[in-house]
Amino acid sequence: MYKLASLQTQSKTVVSVGSVRFGDGGFAMIAGPCAVESQDQIGATAAAVARAGAAMLRGGTYKPRTSPYAFQGLGDTGVMLIAAAGEQTGLPCVTEVLREHQLALTSKYVDMLQIGARNMQNFGLLEAAAKTGKPILLKRSASATLDELLYAAEYILLKGNENVVLCERGIRGFDPETRNVFDLGGALRLKELTHLPVIADPSHATGRSSLVEPLVLAAAAAGLDGAIVEVHPNPAQARCDAAQALDLEAFGRLMNRLAPLKASLQIPA
Amino acid sequence: MYKLASLQTQSKTVVSVGSVRFGDGGFAMIAGPCAVESQDQIGATAAAVARAGAAMLRGGTYKPRTSPYAFQGLGDTGVMLIAAAGEQTGLPCVTEVLREHQLALTSKYVDMLQIGARNMQNFGLLEAAAKTGKPILLKRSASATLDELLYAAEYILLKGNENVVLCERGIRGFDPETRNVFDLGGALRLKELTHLPVIADPSHATGRSSLVEPLVLAAAAAGLDGAIVEVHPNPAQARCDAAQALDLEAFGRLMNRLAPLKASLQIPA
Amino acid sequence: MYKLASLQTQSKTVVSVGSVRFGDGGFAMIAGPCAVESQDQIGATAAAVARAGAAMLRGGTYKPRTSPYAFQGLGDTGVMLIAAAGEQTGLPCVTEVLREHQLALTSKYVDMLQIGARNMQNFGLLEAAAKTGKPILLKRSASATLDELLYAAEYILLKGNENVVLCERGIRGFDPETRNVFDLGGALRLKELTHLPVIADPSHATGRSSLVEPLVLAAAAAGLDGAIVEVHPNPAQARCDAAQALDLEAFGRLMNRLAPLKASLQIPA
Amino acid sequence: MYKLASLQTQSKTVVSVGSVRFGDGGFAMIAGPCAVESQDQIGATAAAVARAGAAMLRGGTYKPRTSPYAFQGLGDTGVMLIAAAGEQTGLPCVTEVLREHQLALTSKYVDMLQIGARNMQNFGLLEAAAKTGKPILLKRSASATLDELLYAAEYILLKGNENVVLCERGIRGFDPETRNVFDLGGALRLKELTHLPVIADPSHATGRSSLVEPLVLAAAAAGLDGAIVEVHPNPAQARCDAAQALDLEAFGRLMNRLAPLKASLQIPA
C-alpha cells in the first residue's frame, strides 16, 4: 500500500507555488492555452486571465501528441515565452515535461512541472522531476485507478518532494459525446484517501468548451482545490485542442460566476 | 435520429409533478429510502425530508435486485405506504415500476413513475408506462450512451407523454473505489441535446454516502434540474444500499448547504 | 452469493434442445438472420445453414431496437415463419422474447427462448420465461459482471428450469473500431464459475462480419460450447445489423474451416 | 491519419528477430518469466521453454511497478542474465526498456526491445528505441484505441525502423474477475488496419494462469501472429505476477495442444 500519500499518514498538505496555495480551503484557477504558440498569444492570454482573476498560467511547449504529424510544440523556446508571460503578469506558471533532459531548463524557468496523463506511470520521469524540488502537477491517466494514481504520487514523495497536486482530467469512456468522462466522484473520493490537493481539468475531461464553466462551478461547489482550464485568445485558430478552449471573454464570465459561488460556500477568494 | 426528444424540436420542457416543477430553472430535491420498509420508516423519513426542504419523496417497493436472495421490496403494500406518507407530508412521491401489471396500482397512487437503469431499454414497459399519462423519471442505464437514453425517451414521447425527466445515476467504471462513475459531463451534454429536464442520482452513482452532499452541490452549481438522493432514518439498518444512504441529520445539513449556493447562483428556492 | 448456478453445486450441465446438446464437449453452431423478414428469407437461410452443418436456427421477430423508428420485427408472424423453417430443415430454433405475453406463442412453437442483453436483469421476464420450461439462451448484458450474469441465471434456475445456456455477446468498450468488446477471457472465466454451458456471439460482439469467422474459430479452440452467428442471404439488404451478417457462402467457408480445427482438438463433430 | 503503419501503404510486414519471423503466416511463441530473478531461474526457464518449442525468451529486468515498494527488477544485471540464457538455448530474447539510458546496454545484448503498455505514448522513448534499429515489441496501452496504438507505431516507423510487432495485452474493464479484458476482436481488427504483425499477451490480459492456454489456442485459431506468455519454474515463488505464470509443465502441455491445432489450420510449425 502507498504510505506517504495516504491521509492516514499526515494531515492535509498545502502546496505553495509562488504565492498561490493549493489545499488551504481555497479554489485556485490555472488558465492558459493548450500550447504556447507565440509571444503575442501567450502574452495576451496571460494578461487577460490575470485580469480575470486566475491564480496561475498554463501552457504546453513540449507537447505529447497522439500523432507524430500534429504540432509538437515550441520546445525550449516556449519555456522562455511562458516564463516571460508569467513574469510580466505576476502569475506563476506550469508547463508539462515529457523527458528527463527537459527538466534542467523547465525547473529553472517555470514554477510548477506537470506530469501528464500519458506519463503518470513513467516512473523515471516522476523521480527525476521530483528531484528538481519543484512543485509537481500530476495528472491521472485515463485508465488509472485512484490507487494507481496515489502510487505514482508515492514515487515522487519518496524522493523527498512533498509538493504534489493531483489532477482529475477524465477517464476513458464509451460515449463519443464527450472526449473523456470527468470523474468528479473519483476526485472527491481521492480527497478522502490522500492529504494532497486535488484539482480538476474539465477541458481535457470533456473536450467541449461549453462544458468547462459548469464543471468548474461544480468542482468548486464540491470542494476540490482548484481547476486548470484551457483559454486561448482565438480558439478557432488554436494549434491544438481548439474545441475545448475558452476564449478570453468566456473565461472572464466564468470567473464572474465563480466568485459569488465561492462566497456562498465561504471559500476564500 | 430521435426527434421528439431533441432540443432542436422544441424549447425547454417543464415537467410538473404536483406543485413541483422540473426544468424551470430551479433545483428540485427528491429524497427518501432505497426501499419502503415499514410505515414507520417511510413516515419518519417523509416527515424529516419535508421539513428539511425536499420537494418530493422517493421509495422503492418493487425492487430490482441483482440477487434473488436479496430483499425484493414490499410490493403493492409499499405503494400504499409511500402514498400515505406523501399524503401526510404533502410531498409528491415517485416509485420504480418493473413490470407492466404494476402500472395500474402505482399510477393510481403515486405521482411519478420511475423506470430504472436496468429497464431503460425495456421498451414494452416504457410504452406501457407512457400510456398511464403519469410523469416518468427515466434513468440512464450504466452502459447507455446519451443517444441511447434519448431514444428510450423517444419511445415514451411517441406515446404522447411529454412528462419525462432524465436521470444520470452513474455509468460503469473500472475503479472499485466508487460503485459507478458519476458522469456529470455527460449529464450536462445531455442538456445541450434535449429539452427534457435532467437530474442527478449521486447515491447510486457513487455508492458512498460521504460523496452525496458534494455531488448534489456540484449538480446544482453545474445547472442540472435537481437530484434524487437516498435518505434513511437509520442507514446501518437499511435493508438495501446501506452504504449510500444519508441519515436524516446529514440530509438536513445538505439542504442547509444547498440553500446559499442556490441563492448565489440565482436558482429559485 | 448465487448457489444453483455455481460450479461448486453440481457438475457440468448439458442442455438439450431437440437433438442438439450444449455442454457435452461439443461445439454447437446456431445460425440465422438478425430478424426474420419473410418466408423466403428465413427458409433460404435455414436450408443453407442446415446444409453447411449448423445445429440450430436463429431469427428475431420481436426486436428490441434502440430507435423506435427502426424495423421492429414481424412479431407473431415471424414466430410462425421461423418455426416452419425449423420444421422443414429439422433444425431446432431460437428466438428472442421481450415481453411476458409473447411467451405463450413462442414457447409453443420455438425450441429455445432467448433473453437478450437488454433484458438480462428484467427479472419478471426471466421468471416467466423460466416457468415455460423451455431451454433459455441468456445473454450477458453489455455492462454486466460475470457475477451479475450468474445471479440472473439464478433467477431462472430457482424456478426449476435448469436448461440455461449463457452467451457472451460483447461488453461496452471505448474504441469505435468494434461495436463492443468480445470478452473471451470473461467467457472462459465464466466456465470456471458455473456448470452451465457458455457460447459466443461474435456478430454482436464486434459488429463486423469480417471478424466473425476468426472469432468462432477462437471460441472453439478455447473450449466454449458453441457460437451464435448472424447469417443472411443478402446482407446488404438486411433490415437490421447488415454490417455483421455473413452471407451463405461465407457461413459455408466458416463451417469448412471449423471442422478440421474441431477434429484436431478432439471436439466431437 | 497514420500513414506508414497503414495496410493501405504496403503489404504485410515480416519482422525477423534472429531466425524467428513474425507475420509470415506462422505463430511464434515467446515465453519466460515476468522478471529475471537469478541465473538459475532464467536459465532453467529458458531451457524448458526451448525444449517445449518456444521461439523466443522473455524476461523483465527494468520493471515498471505500480508500487515503488514492489520488486523493481535486477536492472543491468538482468540484461546480462537473460542474454546469457538466450545464448545458451539459442533463443532470441526480448526485454522491456523504460528509460532512454537503458537502450545502450539492452540494444547491445538483447534481440528485441519491448515498449510496455504504460509507455506506449512515451514518445521520446519510442523514438530513441527506434533509432537503435532493433526490432520493437510495442504493447497496446490498457486504454488505447487501435488508432492511438498505430500512431504510436508511426513514431517508430518514421525513424526508419520497420521492425515493429504489436501486442494486445488487455484493456481496462469493469469486472474484477479478470485483470483486464483480452480484446481479441480488437487485435483482429488491427490486422485489417495495419501491415505489422500482431501478437497476444493473455497472461497480462487476464491475470490468471488457467486462462492462458485456451487464449493462446484462440489467438492461434483466429490468425494472430504469435503470443507472449509468462512462464516460471515455480510460480508460487515468483517475485511478480505469480497468479498468471504457467509452470514449466503447463507450458509444455500448452505447446503440445498448440501443435495439432496449428497443423489443422495449416499454420507452419
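Chains: A, B, C and D, in written order; residue numbering restarts at 1 for each.
Throughout what follows, a contact is a pair of C-beta atoms (placed from the backbone, for glycine too) under 8 Å apart; a residue touches a chain by one contact, two chains touch by 3 or more.
As the structure is a computational prediction, the values presented were derived from the model and not from experiment.
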Practice task
State the chain with the largest centre-to-centre distance from chain C, centres being mean CA positions.
Solution key: A
Handout entry: Of A-C and A-D, whichever chain pair has more C-beta contact pairs
Key = A-D
Practice task
Express in whole angstrom the distance between the two chain centres, defined as the mean CA positions of chain A and chain D.
Solution key: 35
Completion exercise
Between the Cα centroids of chain A and chain C the separation in whole angstrom comes to 48
Practice task
Two or more other chains in contact with one residue: find those residues in chain C.
Solution key: 143, 147, 172-174, 176
Handout entry: chain C-facing residues of chain D, complex
Key = 143, 145-147, 170-171, 173-178, 181-186, 188-189, 192-193, 202, 205-206, 208, 210-211, 214-215, 217-223, 257, 260-261, 263-265
Handout entry: Residues of chain C that touch chain B when the two form their complex
Key = 1-2, 64-68, 98-100, 118-119, 121-124, 141-143, 147-148, 151, 154-155, 158, 172
Exercise for the section: State the interface residues of chain D toward chain B in the complex, per the touch definition above. Expected result: 172-174, 176
